[in-house]
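See the structures that follow.
In the two assemblies presented below, chain A is common to both, partnered first by chain B and then by chain C.
Up next is the complex of A and B:
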């Protein structure tokens, strides 16, 4: 095992072990628990930076692979298999940054039963790091569930107003989504007789055998809606804003920033390259549903007066851009989606962090009850402005490149031009809600409610404890904006290699006349599968 | 050369960064740093302008972002138009920085102000040097951001808070089209690099399409505040006057014209005609609105809109060199007047109503006389800078397109009228309020830049005075216009325009003694019409308040009703309904169980008997 593999394994093990240690020994000892938590969140971040910088961007495929045959189910080809490639490495690093920031926020928070909170959060962090480090599909899924369980618990225990009902709604939605996508994964495992159930082997198996178009469509549908629910695709999005509004801040940061990217990651790495015909036939539907995210949820975001629910809705809206990039079914769109995933993870978690800082000072999240804060808290205003303008997609922050490249990919085909025109309206929508929030919270004169509250509680500017975690998110976000090539190169090499099949055709997806489906079919479709397919097709009719 | 270009670009960014991180509480150091960086910018850009031979362009680029066959470069293109704008930005920029030292001396948030100026310089230089459309778009958005930041300088007033937001969002509307235009340009030509675009467009003229270039022109319409997105600029006057001078008169709004000049080869004749007409109408419309404004800065804002319209008209006539020439002279005299207005506002304790001024010529002579130079230059008084550039546009229009000429000429008469109105009301007669009675001449930091700009406003029209690299792009078009017929006739017409305008202004406003606008008495309908600005603001705010926001709230309710309510709760509700039904069977009473038992048996029997024959 070399140092890279050690870091990779450590980024999962360290938080897991720390979580267990806190859980077993230090549930009543806050100060010890905090010390352990620093390690639990610091190590993954360090490992993330280190591994991201050392992954060779011109190499397609997984680096630092770590394989434990004995773990898992060998008969099903499931093994514990870790590794990073150009797509997962930046997301892995992003998870590290957001995790560290969320960890610092919770360490400095004065929540009740803090050691338990830290233990759960560290457990979640382990799941998040593992998710992006997994090569094996089942472990990829399991790590997601790892991270999901603390989500329910934390909303139930530390959540805000009607936390029980929200925790329940969230649980139902997310387990449903996870279940459906699990169905898709199982179908892939069963239908493709690959020696191993991981990303590279499945790709090989697909190239060798291929799947019938109908099967592809069905599995893709399962994956799309399963993952779609997890990523809050319109109209399965209502859990997200409500959930984020109720969740404790570190959880909102981790969930909206990192965990939500699970579904997108699955679609980018798995569904689109493995099931090109499925992707091409679902593509137009994805685009229109994603427009629902951008326009309808965007409009709803403008109507919000509660800061956190505005951020939650806004994040759902920007997930729409990611789906747009996927719906185009091109390597350009997929690469752009990965760029936006990285940037959005950072920007939305920064938003939640800052919103928490604001609500601590004003004792409310209603934007109409704030106002004029910029004078008293200039540093806070700076950070909020940075987060807002990143969300709006101002160049100089990472989000711009993702959004721009997604729009560019939409422009490639004439069929998508209408969608492009509508989707680009999103840049105006985000500007409206972002700047309204800025003006309501920081500009103008102080509201009466705030003046009343200020009498007992002086409003102070950000302290170092708050600046530090915010900077951990802001700095990579700006770096990504200034030098996008640092991430795009690795993403590009890997996406291009994996999207060959999808791109081989002429690319437009008007099935069945002009698409790479013929190409897929030419890759020898086993008769057996096709017959099954026909039978099931007749039955369903 | 490349190091210099990078230093030029990074110097103001560095200054802004240092200010943001370390100098927030040290306003005096921050302002010196910012002025020093502006000085550095001037030095570096001088080097760049004279660094290579006239006529040749310096180009350099490096990959910045690449995805799947699409590659974007970060690059510099320093050619004729870039050199002209570089000169204007760095020179006028430095003067305005120096002026700000005086104007903002007592401001509490000096560091934020000067940091914002530095960010602006960075973004503006980025537009100037950019070698491809995406890079222009990047800095395009950044100038919008710095403009937002600086308009919101006095963020405590609702006016500033609203104006800054409005400016950014209206610009975003324009950028929406610009963005689409860039994307379509890329997929049509396969590149966004300006030089490659020029070559491709020349090789295959069939690629050009009116739709794409009009989409690109949306960027210009937003940033240069042309119809119908002009509403943000007058409101943007809520920022400090030096900001208005730098951003909303001399450089940023003019960047729209610069963009057009940059992509001139993509334009079809139809699109050119459209832009020309749009500009001419704007020139007249804005002049008409300026006629009844009471706020000194708003008069100047509308006059800026009008002058930008002239530049657009020149561009539409196929005279991009003249458009850029007018951009340059306009930058001098408009910056001069905005700074002059700043000097007046500073002296009159932030009173901005021109009807409260009066008689300031004796109290602040330097400001008054330099302001007069600006007024005369913009009105086209012979042999001042404005005369050369504006009459070149008029002459070009006269020979190329009579419709545009007529509109522009009417605009020229109006220009002289409202500018002299402003001058007479502010500086002549006697003081009409306490604040103007107690005014004093401003400090040397303010009057110094005024004098320099005054000299430039007088001499700036003689292109022979400039070093050749600065005017190399302008010359061909200047020569073309110089060779056109009807010079004498044009001179006479120009004379009539400014003389009649100024005389009319003297007649109406020359002996003003109270605070009422005399035009309201002379022609009430005209006054009302001009004062309403033709209802654009009302229509937009009606749309936002009465249509957009209620509709969005309606959508929110619909989401709650249909998705959260019907779908999510509905599914849960159906399940719960079944549970309720099932529960009612378990009543725990023996006779109900036996009842259902008997009913069930009867049911089965009935089924068996009725269907028995068939089975």
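Up next is the complex of A and C:
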């Protein structure tokens, strides 16, 4: 086992063990629990950065593989198999960042029974790291469920209004989605009968045997709707905004930011490249359902007056873009989706974090009862503005590249132009709700309620304890915006390698070939070079 | 005498030594009860003897199995019984279950101030019957063993004679048990009638005359050659109906909620684990053995029953306010899930082992999870044990963390939440059902599991979350978690089973290899 594998395994084991240690020994000792929590969230983040930087972006396939094949179900090909590739590494790192931020938020919060909260959150973090690190499909699924159980408990224990009913509703909804997708996974396992039940072996088995188009359609349908429920695809999205509104902030951050990417990751890595015919036949439906996310949920978002429910709805709306990228069924669309997944995970968790900071200062989440905060809290306003701009998809933030490339992928085919036009309205919608929230909270006159509240409690700007976690998210978000190639190259090699095999197949069975994300994102670079050449030419003259 | 010697030549009494020892031990308990002094510690002697005796038996049985390694199948008692690996697995199962019932019973009898001797006596007799049952290869042995079990269960269900509910449950169980026995017997008689004189009933004669007409081997050949004989078909359906009563499959599930509700807590567990498991082992033996010739006719029938059972069990369980009724109905739903595995085993003639192992694994996981749940339930001290509701579990996690967490694991495993054992069992079930192309049943399975989340997590919600807001003038219910002393053995059993439930989700060991 080399150091990379050690980090990979550690990113799962450290939070799990810390969670158990807190649970068994320090349930009544807040300060000790906090110390352990720093390790539990710090190590995965460190491992995430380290492994992300060391994964070779030009290498397609999994690096740092770790395999243990005596878990009990090896006769079904199920093994404990970890590894990272260009697609999973950035998501893995993103999970580390968001996890650390969420951990810091909860460590600094004054929640009741803090050690229990930290233990559950660390357990969830282990699941999140594991889900992107696993190559084996069953463990991928298992780690997702690892993270779901704390969700139920945390909403019920620290949630807001209606937490009891919402916790149950959310669990039933997500179990339904998880079981449907499990049906799809089992179908793949039985029908392909690959020696190992993991991403690469299934691809090989598929190339060797192939599945009938009708079967592909059915399995893809199962995976689409199973994963779709988990990602809040319209019309199965109703659990999400209610859940995020009721959940405690660290949980909203982890769930909306990271856990929800589970389904998209499955669709990108598994469903599309393995079942291309299924993807092509479902593609148009995905596009229209995704439009439902963008337009209908978008319209609902505009109507929200509660800040947290606005963010929750907004995150559901932006999932629509991810589905648009998938619905095109091209490697460009899929690559763009991965870019947006990374960026959106960061931006939405930043939004939740900032919303929490705001509500601490104003004692409310109703935007109508705020106003004029910018004068008193300029730093907070800056962070909120950054998060809002990122959400809208302005250049300079990671979201821009994702959304931009998704629109490009839609534009590649004529039949998608109508969808493209409608989807572009989404940018206006997010601008409306984002900027309006900005105006209501930070500008204009201060509301009476806030003035009354301010008499007892002076409103202070962000403290260092709050700036730190927020910057842990904002910095990678800006880095991603300024230098997308860091992610896109690895994403591209892997997506190309896996989608290309299928493109080469006979015409009826495969994805249309198209230009890769990386090329699109590199348009800017040659232009710059030409200018430099001109300039150097002028200088020499 | 001569003839007797010939017949008894292959009576391998040594093969059924665990059953014999159990029966002897059971009689011994009665003697202890009779002759020990009337002091207070007399009860403890009975319980201690019962538990210790069965644990020793279990250890010897395991040693016997491991040392002599019975992998080959052998029949004895003139072909009336067959001893083999699968039978041994189930014998271990029943013994384990019986130990747990004794441990739970000890607690229950102390709380309710009831007599100890008969309880353990009857439990052990029932277990001996169950162990014989799973080795029978003849309908007569099967029926006699089943009746032994049923006769032991009737008084056990009505054991708490001061409770009206327990008596009511006893009467109901007696009536429905008798009905199911009658159906079973009628089916056996029909099979015997046709089998002894096939030509008279329009069937084709198959074997030499003078063989045992009720042996599984003969019936298998008879049914294989006469697949369309109406009388034979009716006989098979009646036999299966009798078994459906035992496992609580719809439409024969009506007795389940009332009987589970009224009977003493340990007996509810005994019914829901051992009695059901025996039914399933019988069912597997029958449909893959003698009845396999009729599998084309039986499959749609069982499929319908399975789907109906899953949906009915889960939907009805949602509406229950009393926990024991809810658990009974959820047990019905589990029977439905298992029926899907039984169907899958019928789909692979000759290679049914995989599906059979799924049933075994599921049953073991069900045993561990059930005894965790019933074990924690037996800690609650109410004047009437059958009135447990979810409200009694409010804030359990805070009051007694170990009990709360164990209960969470138990419920989670029953609900099939990853990474607990119940999930792996359901995954295997999904797998074989998919291989057998039982898509409709799979849909019912998914719906059933999702519905079951409602009531299982409703319970978990009470255990973990803050109590519901109460108005001040509402009377606060008495804390039912007061009598928590003197539960050492029970506590460790619950913890051990909770750990097993958890670990089996991550590591399945030999079961995984067999699968």
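Assume the second predicted complex is superposed on the first by the 499 of 541 C-alpha atoms of A that agree within 3 Å, B and C clash if a C-alpha of one lies under 4 Å from a C-alpha of the other, contacts with A are read in each partner's own complex, and residues count from 1 in each chain.
Definition applied: a residue touches a chain if its C-beta (ideal position, glycine included) is under 8 Å from a C-beta of that chain, and two chains touch if they have at least 3 such contacts.
What you see is a predicted model; the values in this text were computed from it and never measured.
Colleague: Are chain B and chain C a fit on chain A, or do they clash, once the structures share the same frame?
Modeller: Taken together on chain A, chain C would fit alongside chain B, as the superposition shows.
Colleague: Applying the document's definition of touching, compare chain B and chain C: which contacts more of chain A?
Modeller: Tallying touched residues of chain A, the top partner is B.
Colleague: Touch check for A:189: first (chain B), second (chain C), both, or neither?
Modeller: After superposing on A, A:189 lies in contact with chain C but is clear of chain B.
Colleague: Given the touch rule stated above, what does A:374 touch, chain B (first), chain C (second), both, or neither?
Modeller: first
Colleague: On the A-aligned overlay, A:238 touches which partner chain: chain B = first, chain C = second, or both, or neither?
Modeller: first
Colleague: In the overlay, answer first, second, both or neither for which of chain B and chain C A:331 touches.
Modeller: first
Colleague: One more residue to check, A:152. First (chain B), second (chain C), both or neither?
Modeller: Second partner only.
Colleague: Just to be sure I read the superposition right, which of the two partners does A:302 touch: chain B = first, chain C = second, or both, or neither?
Modeller: first
Colleague: Between chain B and chain C, whom does A:436 touch in the aligned arrangement: first, second, both, or neither?
Modeller: So A:436 only meets chain B here.
Colleague: After overlaying the two complexes, what is the shortest C-alpha distance between chain B and chain C, in Å?
Modeller: Scanning every C-alpha pair, the shortest chain B to chain C distance is 5 Å.
Colleague: Where on chain A do chain B and chain C both make contact?
Modeller: Residues common to the chain A contacts of chain C and of chain B are 172, listed in rising order.
Colleague: Once bound in the complex, which stretches of chain B touch chain A?
Modeller: The contact residues of chain B facing chain A are 20, 24, 63-70, 112, 134, 137-139, 141-142, 145, 148, 152, 155-158, 160-162, 164-165, 168-169, 172-173, 175-176, 179-180, 183-184, 186-187, 549, 551-553, 555-556, 559, 563-564, 567-568, 572.
Colleague: Touching chain B in the complex: which residues of chain A?
Modeller: 169, 172, 235, 237-238, 296-297, 299-300, 302-304, 330-332, 335-336, 339, 372, 374-375, 378, 382, 389, 394-396, 400-401, 404-405, 407-408, 410-412, 420-421, 424-425, 427-428, 431-432, 435-436, 438-439, 442-445, 483-485, 488-489, 491-492, 495-496, 499
Colleague: Which of the residues in chain A end up touching chain C in this complex?
Modeller: Within the complex, chain A touches chain C at residues 27, 71-76, 138, 141-142, 145-146, 149, 152-153, 156-157, 163-164, 167-168, 171-172, 175-176, 179-180, 182-183, 186-187, 189-190.
Colleague: Which part of chain C faces chain A closely enough to touch in the complex?
Modeller: 401, 412, 417-419, 423-424, 427, 430-431, 434-435, 442, 446, 449-450, 453-454, 457-458, 460-461, 464-466, 468, 506-509, 511-513, 515
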